[in-house]
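Each structure below is given as structure tokens.
Two complexes come next, and they have one chain in common, chain A, joined by chain B in the first and chain C in the second.
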Partner chain A sequence: MNSTFRAAKAVAGARGRLLMQYRSAALFGIATQMFWGMVRAAVFTAFYQAGRHTASLTLPQTIAYIWLVQATLAMMPWRTDPEIQEMVRSGAISYEALRPADLYSIWYARALAGHAIPTLMRGIPLLLAAFLLFHLLPPHGAAACALWLFSLFCTLLLAAAFTTLLNVSLLYTLAGDGVQRLMPALANAFSGMLIPLALLPRSLCLLLRLLPFAGLIDTPMRCYLGQISEGSALTALMLPIVWAAALIFAGRMLLLHALQKMMIQGG
Partner chain B sequence: MSALIEVENLTKTYTISERREGTWGALQGLIQRQTRKAPALRGVSFSLQPGEMVGYIGPNGAGKSTTIKILSGILVPDSGTCQALGCTPWRDRRRYVQQIGVVFGQRTQLWWDLPVRESFSLLREIYQIDDHAFRSAMQELQSLLQLEALLNTPVRQLSLGQRMRCDLAASLLHSPKLLFLDEPTIGLDAVSKLVVREFIRTLNRQRGVTVILTTHDMDDIEALCSRVIVIAEGKILLDGPLQQLRSAAGTERRLLIEMEKPGETPADEEARLVSCEGNRICLAFDPERTPAAALIARIAKKYAFRDLLVQEPSIEEVIARLYGTYPE
Partner chain C sequence: MTLRKTLRLVRIYTTLSFRSQLQYKTSFFLLTLGTLLATGLEFAAVYALFSRFGSLHGWKLPQTALLYGCISVSFAIAEAAARGFDTFSRQIKSGSFDRILLRPLPPAFQIACSEIQLMRFGRFLQGLAVLGWAEWKLHLSGTALMMPLWMVTGGIALFYGVFVLQATLVFYTIETPEIVNIFTYGGVETAQYPLSIYPFWLRSIFTFLIPLASVSLIPARALLGTGSASLLSQAAPAAGYLFLIASLHIWKIGIAHYTSTGS
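Then we have the complex of A and B:
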């Protein structure tokens, strides 16, 4: 297990260093996310000014929500890893199967780095800008802030489990076009990225909070805004972790099965 | 000495899904998939001693790569057994792959966007190579494959020949005892081919690494392998020394003659005319019936020529002939 951990750490490190090379991608990412943040903030402001007051979120809370979503967009498991996709397409995947390490762990480590590094690179400058320029609401106290950071860590575990599952699915579908279209639609709607779950009808909101997607956006948001009391924090944070474990288990099983019947065609 | 690899009766059949022709066929395919069985291996058996270097050859689609993939543990056969380095490759995969090196010539194992050096240090972590072993392996590979200038270059900027040298090095960092090379010289220029061949020879002779090599380049085989296994349509046609391959396909040799005068064609009852281009004549003869010396003497008596050369048939021809005689 120790050897797998070392290998996974090395892969995550290499992946992270690689992603740090893409400075201009980060810069333009920040600019785009700022722009969309402003558009979305304007839309919600218009809604609230039209008199649609809701008890669950005030306007400043909603605007804080929008900026936090923009800052952590790189956590969203929207797509498969392009490098793994290329490996599956070209057959270089055979080399992955030739390594004396647990392939799932290696891929999971890649996904961790793939979500964590861009989130840090884009999220921190974006949040700073939002504080200075748009009077972003600070976290609801020190406890809420600590809870929020821990919850983001859970989100990372969950997002990487999603992404790795998508990557494993490539071994079955080869192209992955289907999951690439389906996943953003599901994740955006069900995580609360497009519309905060709190603004949805009560029963729908409660249902969506049970699904794995809520852990991507809704849970850390509620921590930040102080809507999760310290007493209920345990159950609220357990759910993303349990879902992450379930997705990891499913991904492992599928990968094991795929490697048993994998065919690598050609030369 | 006990065998390093013992392969017994391996079979593998691929299931290939097919679409019927035309729009109607495509619609039918929505309801019911049509599949076809494509046998890739039909009972392959052989064994290898430590330190051997074997050329595994055959036409496209003969089952070469399938065998290599099974032997390296990434493909599970339908039936048959294989013991290699005391493991069953596809069952004890992790323990087994720690001890082998594999190069697929048409693919790279290096990380495309990273400098070569970074790929190497990642492999070092994955294979848990200790500092001392890694440094000495790097030193040796660097000098044998002339890698110094390449190590800091991102892989995407390497030429094919440079990339292949790096790929070879990558598969040897953990000092494997057994090396599978699947078309290691494919697409390389003449100089790179020579470097790669020389390197493989050194590995085998000096480090005692057992090598299985598949290739379509017969010069590779002639330069490197004392033993060849010929496979066609999933079955082994021949397994033996290179010499046996030649004699299996007949003993015929060629005599190339450059005549003094164009248009003149020497004739001899023991030789067959193969080709005639200007003053260059090619005759085929059977050295068991008439020794080369006697044939040359007879021709020299009757005709004037500038130069001549006795040639063994090229392995390509030999194999083509062997395939031709293979019963369906």
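Then we have the complex of A and C:
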């Protein structure tokens, strides 16, 4: 167990240092995301000007929401790991399976780094820019800020579980056309990325909050805006963790099953 | 090159491209289904916003859907047809552009024909469905249906021009910078809503630099009777064609700049 943890830590560290190299890509990425943020902020401002709203979010809250989504976009489980995809395609996966370490843990560690490093590299400058240039609403108090940071950590665990599940699904589908396309579409709509869940009809909003996707965007956002009181925080934050655990379990089982029936050809 | 020969070549290139892609039928089907779902959910989000807020600067959902549908269909077609320009950095990096230069055909023509991508068929279907719904809701019929068609063709030319410019940039940068997405995907996203809702600088970019307004907002207003219906606003989508012609001229400047890395 201890050696697995050490191996996973080393893999995550190496992956993180690699991702850190792409600084100019991150810079262009930030500029692009600022553009999206401004466009989306303009759209919502225009909608709010229509006046007819019983919205559970005020306009500054919605705009804060938009900037936070842009800042944490790298948390979205949009794609499979291209290197794992290549391994599955080329057969190099057999070496991966031979390593004396728990494969799921290694892949999960890769995914953790893959989400955490780009989020830090892009998110922090973007949030600073939004504070300085677009009067981003600060967190609703110190407690909300602490809850938000903790909730982002839960999001990271959940996002890595999603991504690893996508990677494992490659062992079944090879090409990566089905699940790998459908899940990001569902994640975008159901996490609150396309539209804050609070702006949806009430019953739909409550239903979507029970699904695993809400933990990606909606939960940290509610913490930031102070819409989760300290009393209900425990249940609201438990849900993403429970979902992460369930997805990790599912991913593990599917990986085990796939490795058992895997046929390696060639000599 | 005679017109007859050109058309024959286009036909050969297209059939080749379609055939090779349809080798993977399940894959094509799943991709289409996936895009259809993704873009369908996107429109559902727009629907949810309208049901929450009622209107957007005086635009109701069906009117906005007209803009949304036209732009989506234009972009889907342009993206499929301009795939060769979209992935042009690959050709520069691998050096296969040199081979294209050696052939006795215009390079732009060869790149345009090199791939017609079916992958975005789902987006096309979704855009068409939204557009059809908008036309039905707005009771458009007869000659009024010509205007959306005119907007769509102008939009295709415009986005095609953007992809040509993106490829031209690759002569200088080798890699396609992510920021170019602002003008392709960003253009679609912004023009799905009436451009009048955006701040001045953004509106200016998409009116004067890249004339998106002239294939969406201006003719749509003329059609819906909410703005000037002068001949000029009705003819506005022609700006998309002018933009494409200008892009192809800039492309020639880029080619003149190109130095191969090969030996």
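Here is the rule we go by: the second predicted complex is superposed on the first by the 263 of 267 C-alpha atoms of A that agree within 3 Å, B and C clash if a C-alpha of one lies under 4 Å from a C-alpha of the other, contacts with A are read in each partner's own complex, and residues count from 1 in each chain.
We adopt the following convention: a contact is a pair of C-beta atoms (placed from the backbone, for glycine too) under 8 Å apart; a residue touches a chain by one contact, two chains touch by 3 or more.
Given the structure is predicted, the values throughout are model-derived calculations rather than measurements.
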- Task: Check the residue A:261 against both partner chains and state whether it touches chain B (first), chain C (second), both, or neither.
- Result: first
- Task: Name the contact category of A:5: first (chain B only), second (chain C only), both, or neither.
- Result: neither
- Query: After superposition on the shared chain, which partner residues are touched by A:48: those of chain B (first), chain C (second), both, or neither?
  - Reply: second
- Item | First, second, both or neither for A:18, with chain B first and chain C second | first
- Message: Is A:83 touching anything from chain B or chain C once the two structures are fitted on A? First, second, both or neither.
- Response: first
- Message: Applying the document's definition of touch, where does A:94 land relative to chain B and chain C: first, second, both, or neither?
- Response: first
- Have a look at where A:200 lands relative to chain B and chain C in the superposition and call it first, second, both or neither. second
- Item | Contact footprint of chain B on chain A as seen in their complex | 3, 6-7, 9-11, 14, 17-18, 21, 83, 90-92, 94-95, 97-102, 106, 259-264, 266-267
- Task: Give every residue of chain A touching chain C within the complex, in rising order.
- Result: 25, 28-29, 31-32, 35-36, 38-39, 42-43, 45-50, 52-53, 55, 175, 177-178, 181-182, 184-186, 188-189, 194-195, 199-201
- Query: Which positions of chain B touch chain A when the two form their complex?
  - Reply: 14, 65, 69, 72-76, 93-95, 97-98, 102, 104-109, 111-114, 118, 121-122, 125-128, 182-183, 186
- Item | chain A-touching residues of chain C, taken from the complex the two chains share | 24, 26-27, 30-31, 33-35, 37-38, 41-42, 44-45, 48-49, 51-57, 177-179, 181-182, 186, 189-190, 193, 197-199, 202
